[in-house]
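Next come the structures, one after another.
In the two complexes below, chain A is the common chain; its partner is chain B in one and chain C in the other.
Moving on, here comes the complex of A and B:
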């Protein structure tokens, strides 16, 4: 079982790879819409990658109101 | 467009209310499929019109048993799924007024609109209900009957009832409750989540007339499959993804995700005929296709470009679907092979994007509308294709340009049977918005010689995002309450400094610091922190400093028009600092 810190780190690793930004430039408190310049569909695409990575299924509504990596990690952790 | 079974469509002239029209539709096509519900790549439900009726009537009976009467209001907060439409029909059957609320709003916003609408019934999904029960203000929820779908077996429902139990609970005699054309059908909120609620009261006539106008241009018939991804509470999906297809015996496919990969799959799996989307999703489809074209080997790309040019040449005057499907078969196969048109609305679509699809033989019918006017005011009819415009007024819709300037541009005003009755409980706003029967849209436009409407920007203080979200600055000011300044006001930048554009709009906050102080780093940090708490599409992009007192009314409300004019005269856009 991963800790929340591990989950958060894996999310940041994956986001850095998917959007080609340096891993060290991303922090858990970052707003991924702003930091990565995402629109809502790109955020859903990121969610799909995260689902594949963690082997879970997150309904779209789990992204409602979530804008930072830390909160996203919490939503994912709850389903691991 | 040719419609094989148009004669079978219900004649809506003969109906006084949506409930009666839908009731007859359910009788007329008992064995046709009316609804398919898919989640990702799994199909969750498939209902015939007969099964739809059998699912809805117990809900209607249950509501009646709980004292729900003609004219009572019932809200729905649900994602796109079969129970949304089933519940809506049950509400109309019982003579109720439907209040469709956006499931994407925050629970606090939903509770505020529920209170404003005075809904006595709420139908919602379990995850949404769970969020509502722990939100601030939940104790004040006025709805007496709450139905929750898909709740886990042992879930605590905080006084709500299971939607699925209606069938076993309802025992009363069921009676259809007719309504008149002028009676309220829906209260639809076009804004007001944080400020002044704008509940558009739509009559049965509004919907019946709009449905006739739209289906005259883009008909449905049994066998047509409409893919629904826009929220059903949205005016476009409510009409084109519910009322329109149902009164024609067509099929609605609900997809409970917006993920691009599943949307693409749904086209081929369900051989979709029509779909409505917002510019953002259309752009996403364009990007996906363009990258596939770019990846073609050089020789194939040349052939493809030649075919596309040929198609463009042959369809200059009017779409020729049969020809486009032959010339560009692979592209059309990726869309399921039976796509006739995409409808795009909710925000302005760039002409280049419309042209991209048209050249592939996929007509994108862009239009222009606002909740207050019914679903659509104008729509492109491809006679001929004019991507630089938002089409011609729909049948029965009068469009007049008011206060025309030297360049022929003025405010778009609209009159017709689809224009709302009024704003709920707001006679002042209604009087400002509907003047002598003409709806003042607040948008700037011009009608050309061929009768097409072109849009050039906005007169009103609002922005529209590519996702089709209308954002009124006053609605987001709550987020900045209490910041350490003397006063502040949020504006659409284009409202202060008018620009002839419909895209790339931004919000800014104007700050009047306390005397002797300035906008320092802690204040900037606080602004940024508050901004982060807003949903991403509602955020402000910058701030400007203003050192004079804001003009105010006797009741101390900011005179926004006057303030914007003062700022616009004294400062230019370079005064805005990014946040």
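Moving on, here comes the complex of A and C:
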């Protein structure tokens, strides 16, 4: 079972790869919409990549209102 | 008509398949222009079936297969009209798109939707009229209509019900969530999951396989397996029109057209 820290780190790794940004530039408290300039298509793509990586289903409404990596990690952790 | 190039789509016969390319920016929203082009395609299908054994529908827009009905057009056209005129316009549009999708559903060719990224609402309903859905692993399927106070209006509920059963329809419709290609394959909606950017290639390989079979036998098998749920489709139009007259719908459309939310398909 992953710890919340591991889950958060894996999300940050994944986001860095998807958006081609240095991993060290991302932190759990970052607002990913602002930091990565996420549009609706990219938000969907991130959702799909998260589902594939963690092998879970993450309904869109679980992402609604979530803006930082740490909170997102919590939502994912609850489904692992 | 062997080939066509319209504002929103084009088609041509490649080997033994008709390839219908959707290319309307931003993401193949189905409004009056695409409907008119789709009507041309539906009218040509009979002739095309003499030259091909399969149809492949795909999108050349990177944004996805189709984001669904053109809600901005629907809102802008509805705004100046009174309730009766609004309803007349919507009902006429629905009858026209149903006629197109019924023709596609019933076509004597094997039809394949090659789907990537966004396949929402009316776009999902277009894919559901096809015999097979081949999806890129990044594809997502969704019926977001309830956020507008509506149900899907292009035949999606009856077709999904026919193909997969009531529980799947309830899950997708009543939660409004989107599902990925793997989940869609697991529930039987998607027949093959392709790697990123590979759905069209897989669809072409599938069409080449389909071409090896006797055309008449394939068409007969399809007729036997895939009856069009006419009565449910008719009731869907009535229910959609009944819901459409409520003020909440125009408010939902306004909110959607003005939204800059990253997930505008959620309420």
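The rule is short, and it goes like this: the second predicted complex is superposed on the first by the 80 of 80 C-alpha atoms of A that agree within 3 Å, B and C clash if a C-alpha of one lies under 4 Å from a C-alpha of the other, contacts with A are read in each partner's own complex, and residues count from 1 in each chain.
The working rule: contacts are C-beta pairs under 8 Å (C-beta built on N, C-alpha and C of every residue); 3 or more make two chains touch, one makes a residue touch a chain.
These numbers were taken from a predicted model, which means no experiment stands behind them.
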According to the stated criteria, A:9 is in contact with first (chain B), second (chain C), both, or neither; which is it? neither
First (chain B), second (chain C), both or neither touched by A:61: both
Check the residue A:44 against both partner chains and state whether it touches chain B (first), chain C (second), both, or neither. both
Looking at the overlay, does A:31 come into contact with chain B only (first), chain C only (second), both, or neither? first
Considering only the touch criterion stated at the top, classify A:18 as touching first (chain B), second (chain C), both, or neither. neither
Examine A:71 and indicate which partner it touches, taking first as chain B and second as chain C; both and neither are also allowed. neither
On the A-aligned overlay, A:52 touches which partner chain: chain B = first, chain C = second, or both, or neither? second
Can you pull the chain A residues that chain B and chain C both touch? 33, 39-41, 44-45, 47-48, 59-61, 64
Touching residues of chain A toward chain B in the complex: what are they? 31, 33-34, 39-41, 44-45, 47-48, 59-61, 64-65, 67-68
Tell me, which parts of chain A touch chain C in their complex? 33, 38-45, 47-48, 51-52, 57, 59-61, 63-64
Using the touch definition up top, name the residues of chain B that touch chain A in the complex. 79, 103-104, 106, 127-128, 256-261, 280-281, 284, 466-467, 532, 535-537
Footprint of chain A on chain C - complex, ascending: 63-64, 117-118, 137-138, 140, 142, 175-180, 182-183, 261-266
